[in-house]
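Below you'll find a set of structures to go through.
First subunit A sits with subunit B, and in the next complex the same chain sits with subunit C.
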Partner chain A sequence: MVTHQTTRGYRVFRVLNAVILTGVVVATLYPFLNIVAQSFSHERYILAGEVNLVPRGFNLTTYKIIASDPMFWTNYRNTVVYTVVATLVAMVLTTCYAYVLSKRHLKGRTFLIWVAVFTMFFNGGLIPNYVLVTSIGLKNTLWAIVLPNAISVFNLLVMKAFFENLPDELEEAAAIDGLNTYGILWRIVLPLSKAVIATMVLFYAVSFWNSWFTAFLYMSDAELFPVTVYLRNLIAGATGAEGAGAALGDVTQAASNIKSVTIVLTVLPILAVYPFVQRYFVSGVMLGAVKG
Partner chain B sequence: MSGQLPIDRRSTYGETEPWRDPLQPPGDVIEPEPTRPTSRPRGAWRRALRRDWQLYSLAILPLLFFLVFRYAPMIGNVIAFRKFEPGGNLFGEEWVGLRYVRMFLDDPKFWDVFTNTLILGGLILLFCFPLPIVLALLFNEVRSRRMKRFLQSVSYLPHFLSIVVVAGIVMQFLSLDGPVNQILRMAGGEPVAFMQRPDWFRTIYVSSEIWQTIGWGTILYLAALTTIDEQLYEAARIDGAGRWRQIWHVTLPGIRPTAVTLLILNIGTFMAVGFEKVLLLYNPLTYPTGDVISTYLYRTGVESSSMSYAAAIGLFEALIGLTLILSANLISKRTVGTSLW
Partner chain C sequence: MREITRRQAIGLGAFTLVLAGCGSDDTPAPGQAGTANRAGAMANYAVGQQFKATEPVNFSILYNNHSFYPIKNDWLFWQELTKRTNVTLNPTVVPLSDYENKRGLLIGAGDAPLIIPKTYHPQEEAFVASGAILPVSDYLDLLPNFKDKAAKWRLEPELNTLRQADGRFYLLPGIHEKSWSDYTYAVRTDILEELGLEVPKTYDDFYAMLKAMKEKYPDRYPMTDRWGVPTPGGNLFKLVARAYGTKGGWDYQHATWDAAAGKFVYTGAMPQYRQMIEYLRKLVAEKLLDPESFTQQDDPAKQKFVSGRSFVISGNAQELINSYRGPLTENIPDAKVAKIPVPTGPIGEYKHDSRLENGIMISKAALENKNFVAMMQFIDWLWYSDAGQEFAKWGVEGTTFTKDASGAYKLADDVDYVGLNAGAPKHLQKDFGFGNGVFAYGGPTKLLQSTFSEEEVAYQDVMNARQDYPVEPPHPFTEEEREQSTLWETALKDHVTQNTLRFVLGERDINEWDAYVKELEAKNSTSYITLVNTAYERFKKEHG
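The block that comes next holds the complex of A and B.
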């Protein structure tokens, strides 16, 4: 919007806008910075309610306590393993299906699309899913986390849209050179789709990294928890001392401290990559939504 | 831009397009007889299978996924009308008719959580749908590109946090020694145990939802704003429209299709208010306002093992959701001409 009107009302609006947007930024970051400040503070100041944006009584004791809790590291490793395996499986399934759906000439394509899209509007619900996963014996296995969420229909449609926009000529030329469908997908289509693949990997990886409920529902053994469930048990105070491990001597003393540290450690990887990958997310959402 | 959802209309017509087989050299194309392609459906299928079996083979595993983890649970909902025994048949033991439906309709507890769900869903719709539009309009008035990008980056951030982390942050923020109570104390007030007070639950839930979703929600609107033709603004200015009238007559109509689509989607998820977040934020003290249908059925089903009863409630909830999205879609198709499909 290029306008050169500068009426008084508009100048007032611009000042007001700056104030509001500054408020939005502060409101977004403030709770977070407070957690970071708490994580470095001495519990005496936290309990006195004196920690705001600057750490008081700076120390790393709580970080050391958490770092020396073997359960924390076990759970952290679980999160990494679950995220990697689940993302891999999800990518294979999503890519294959999206490629199939992108072929306009394919007989039965409309049906195949509706098989996927219908599940966006109606799903079985918590209880039948729980009964299913339990009865096929996936409880307390990695597959309870990986399989039920293997295809996100939104991601599927984003990929399908991307594949549809690839020029047909390349694939036709490859077919003339004697490549079969698998060869075309592997050697021609996928190398051309690095951007969308990167975006999809990020979409899936972040959602698996952040997920907690599936693990909470299907894992009963603390050794198998991802770190999000570890954190959940801390903040819910469900397990208190025994959940957080015996290493945490005086848990009640440093409860908010421990929570803050765990929160910081859980989001650290996300925050570390966020500035670099944010634009992929935005472009992915656009790709999926501005179609049609 | 009639539909903003990634549902491709062209798909319906795909089969009638002239088609040449990329797998066959141009010389010996196996063309389906052009005269009567639909009169022999079985033959057409056989040809399609022979031609595209490699493509179909790629669809096998994904279809298996949808069948087992999406459609089987849908059918699994029959346990709402059948007696179910843990460890027994996945689809229940024997028909009991509407016993479980009648059971929850007679359950005062159910109507409590039903009301809570409506209120929370309504509040979310009231705040979390329009606020991103307002924020997008404000972002749009920022002149400096770099500043705009910074603002967007910051406001998207909460979207990437795990819901557990958000719940943790909310609890710390509102704890007795947290920043909010610090301010209350400074102002001379008494500290409030926010998380234990039923009368605060809705406020906390809705504001944390706004905190997490408002920035990310602007993306589609900002995209729609960039597609508005600059000439429309010029024409409006020539006609003497001030800034407000430009926004009213040009900007808002420009983002209307996006807004309507998102509104339909929001209405569709109305009943499924953030189950995971409620589960993390509520506690027995805040059940009177915080307990919603999904958390209630989680407790009755998973924690108390009344699977059939919980499945009946879940089915009821899903049907309401489906009805809502279908009717919202129909209404918007009739009134503003925008629909999801």
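The block that comes next holds the complex of A and C.
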């Protein structure tokens, strides 16, 4: 370590590294900050392309318009409910499935893996899925969003790999001390798997939070839509003059910063949660690194 | 892989034939099925009569939810509709952003509501083959108002363009008394005044105008255009092509009717198409038109215009107010901008816009509904009767609007609509559900223009003085022909679009025009046109 710091090459590397990484930070952060700035700017400056990092002609009009619509809050609440329930269900199912698959002595394990992997490559298609979900009466319910996406095969395989890497000795010891399978899972395996669980919660939560397509498919009532559908429609209404221009009734008051406001509103909660979960993220990566 | 034996192949073939045979058997005779399902229907429903179902009925409807006036269940529209017609509509709410996807899915899954509005021709063609939607042309007798207006306004040629190879049409279109021109160019009129220019009437004037602007402001492009994504030069190519009697941009279709020859010709190879290219090529070469015009996103084009870096841009009434005038005058307080009447070209003073609007598809499942006839009468009343159209657009007299002796509409004082009563506490669309794009469109010119501003009415008057451009005869493809033509169209369209741009931008020498036409022929443009002309002849013989 000490020798590293003194060599000239290392110093050059450090400087270069800092420069390049700063460049990366700027490149990734700038578009986002620009969006935030736009969301607070007056349309005059946005249309003239004069907004960079600092809002110009500060105003909150678009935020006020969106926030004053009760449907926005209904849909925002829906998103929270859908995300929480769906993540919960997905975590329970994925964890159980992955844990079972990680046991090499399990009979029919290969088959069970193939059942899951098969769905990664083949699926019934949009219409058959729709018919299925409708015919078992899930349409216009929370479960239409939760159940079809409850197990992501990619997440499942990551979790399975993680469980496989846990030392068997721990579980054997627990068994000798009198724990049954569920006890082992609950008291030994899960506490040791915080890293992967946090990662999976994050993956699932972000994907449910951002998803709009399932809700759009299976919900036919505006009060059941998540906020993503609401905002997507808002953007389309404000910008889609081209095709709909023919219909006289569709006169919209296109607010030029509606897109940026939308992005800020959807990203904010995820942004707020990220730093707290990231802690586990890092330790998860370290865990893999040492073993590797 | 196991190979299929010959016997299996024959078996399979026979099975397919049986299936095909089944399919063609159960087509009902035109206008027969369903007309016995008269529950709730009026016995003597006719033009000028208020429709009211004889018992309370419900119809499901696909509802395109506009974000500017999101659906509310307590709208006066719903209550008053039920009061007047005894009909309750059960909407399946679909966000406007993805209306077409959901419509396709619901029809495909057999779960579609009975009434499917906001369908733009030829979108309905995708559903014709599956037999999921009703051939409405067989049931026009149930629609007296529609028939009346179609006859009164001589819409037969337009309706014919909707017909499929079987001679029927499957979409009940919105109909206008007069075609409605909206898209044109927005021009900085203060610059015209400064240069002492008149508003250009022809494309030659238009060129002279740009030239004069360029002389005064040599450092900028007088015109930069928008609406280039996803169709390059969507509006610009469309308008210039029309002036020469051909089709381009949003309008582009592979076949164009050549009235003199009495047959269709390939659009991208027409001499008129070449003239259009040469005109635009001149504008680009003399730096009068920004070469980015054809492909840039809307935002940069708008930015250049409202910041005063260019003076001419494509526009319509709504964009003029919302995107141009407001921001422009904030940047340049003295700036003035207006829609100019579409410049005319060699073919003379014509108006090219269609008198048809988006329309309604009806699910075939409606035939089995006991209220089928009542539903058709209801559709006829709400969308096609004078009373229904007025109701859908303006609402309830005395509550949302008043009408004076001359028949001019006036909004109630506390209600706003398209800025007519800016600042009023309530909004006709948001709070009452009228002026809703799902229910209110088309109709008599007087109704259409009742919400227009003075300058827009003036624009309409100029345009309405022009003659309507003749409607092309129909040439509907059969299922197989459509498949074949789609295969050819994709390659042809790419080639035409690419080379149109290359010619216009000067990347390809216009003297290579003949070579370009040869390339189109190599991509089957001739076979394509033969197919179109065959379809045209067949339709003329069978249904003409």
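Quick note on the criterion: the second predicted complex is superposed on the first by the 208 of 292 C-alpha atoms of A that agree within 3 Å, B and C clash if a C-alpha of one lies under 4 Å from a C-alpha of the other, contacts with A are read in each partner's own complex, and residues count from 1 in each chain.
In this text, contacts are C-beta pairs under 8 Å (C-beta built on N, C-alpha and C of every residue); 3 or more make two chains touch, one makes a residue touch a chain.
Since the structure is predicted, the reported quantities are computational estimates derived from the model, not experimental observations.
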Requested in this report: Pick one for A:V84: touches subunit B only (first), subunit C only (second), both, or neither.
Outcome: neither
Query raised in the report: Looking at the overlay, what does A:L60 touch: subunit B (first), subunit C (second), both, or neither?
Result: neither
Query raised in the report: So, A:A236: does it touch subunit B (first), subunit C (second), both, or neither?
Result: both
Query raised in the report: What is the contact status of A:R44 with respect to subunit B (first) and subunit C (second): first, second, both, or neither?
Result: second
Query - When both partners are placed on the shared chain, which of subunit B and subunit C touches more of subunit A - result: B
Query raised in the report: Which partner does A:M71 reach: the first (subunit B), the second (subunit C), both, or neither?
Result: second
Report task. Could you tell me if A:S220 is touching subunit B, subunit C, both of them or neither one (first, second, both, neither)? Result -> second
Query raised in the report: A:V15 contacts which: subunit B (first), subunit C (second), both, neither?
Result: neither
Query raised in the report: So which positions on subunit A get touched by both subunit B and subunit C?
Result: 47-49, 126-127, 130-131, 217, 229, 232, 234-236
Report summary line: Within the complex, subunit A is touched by subunit B residues 1-12, 14-15, 17, 19-20, 22-26, 44-45, 48, 52, 54-56, 58-59, 61-63, 65-66, 68-77, 79, 84, 87, 90, 135, 138-142, 151, 153-158, 160-165, 167-173, 175-179, 181-182, 185, 191, 211, 214-215, 219-220, 223, 230, 233, 237, 242-243, 268, 275-276, 279-280, 294, 297-298, 301-302, 307, 310-311, 314-315, 317-318, 321-322, 325
**Report entry** Contact set on subunit A toward subunit B in their complex
**Finding:** 1-3, 5, 7, 9-10, 13-14, 17, 20-21, 24-25, 27-32, 34-35, 38, 46-52, 92-94, 96-97, 99-100, 103-110, 112-113, 115-117, 119, 121-132, 135, 147-148, 150-151, 154, 157-158, 160-161, 164, 168, 171-172, 175-176, 180-182, 185, 206, 209-213, 217, 228-229, 231-232, 234-236, 256, 259-260, 262-263, 266-267, 270, 274-275, 278, 281-282, 285-286, 288-292
Report task. Could you please specify the touching residues of subunit A with respect to subunit C in the complex? Result -> 43-44, 47-49, 69, 71, 126-127, 130-131, 134, 216-217, 220-222, 225, 229-230, 232-238, 240-254
Query - Residue numbers on subunit C that touch subunit A, as the complex places them - result: 65-68, 70-71, 92-98, 101-102, 105, 108-111, 120, 180, 182-183, 227, 234, 299-300, 302-303, 306-307, 316, 318-319, 322-323, 326-327, 330-331, 357-358, 393, 418, 429, 435-437, 440-441, 448, 451
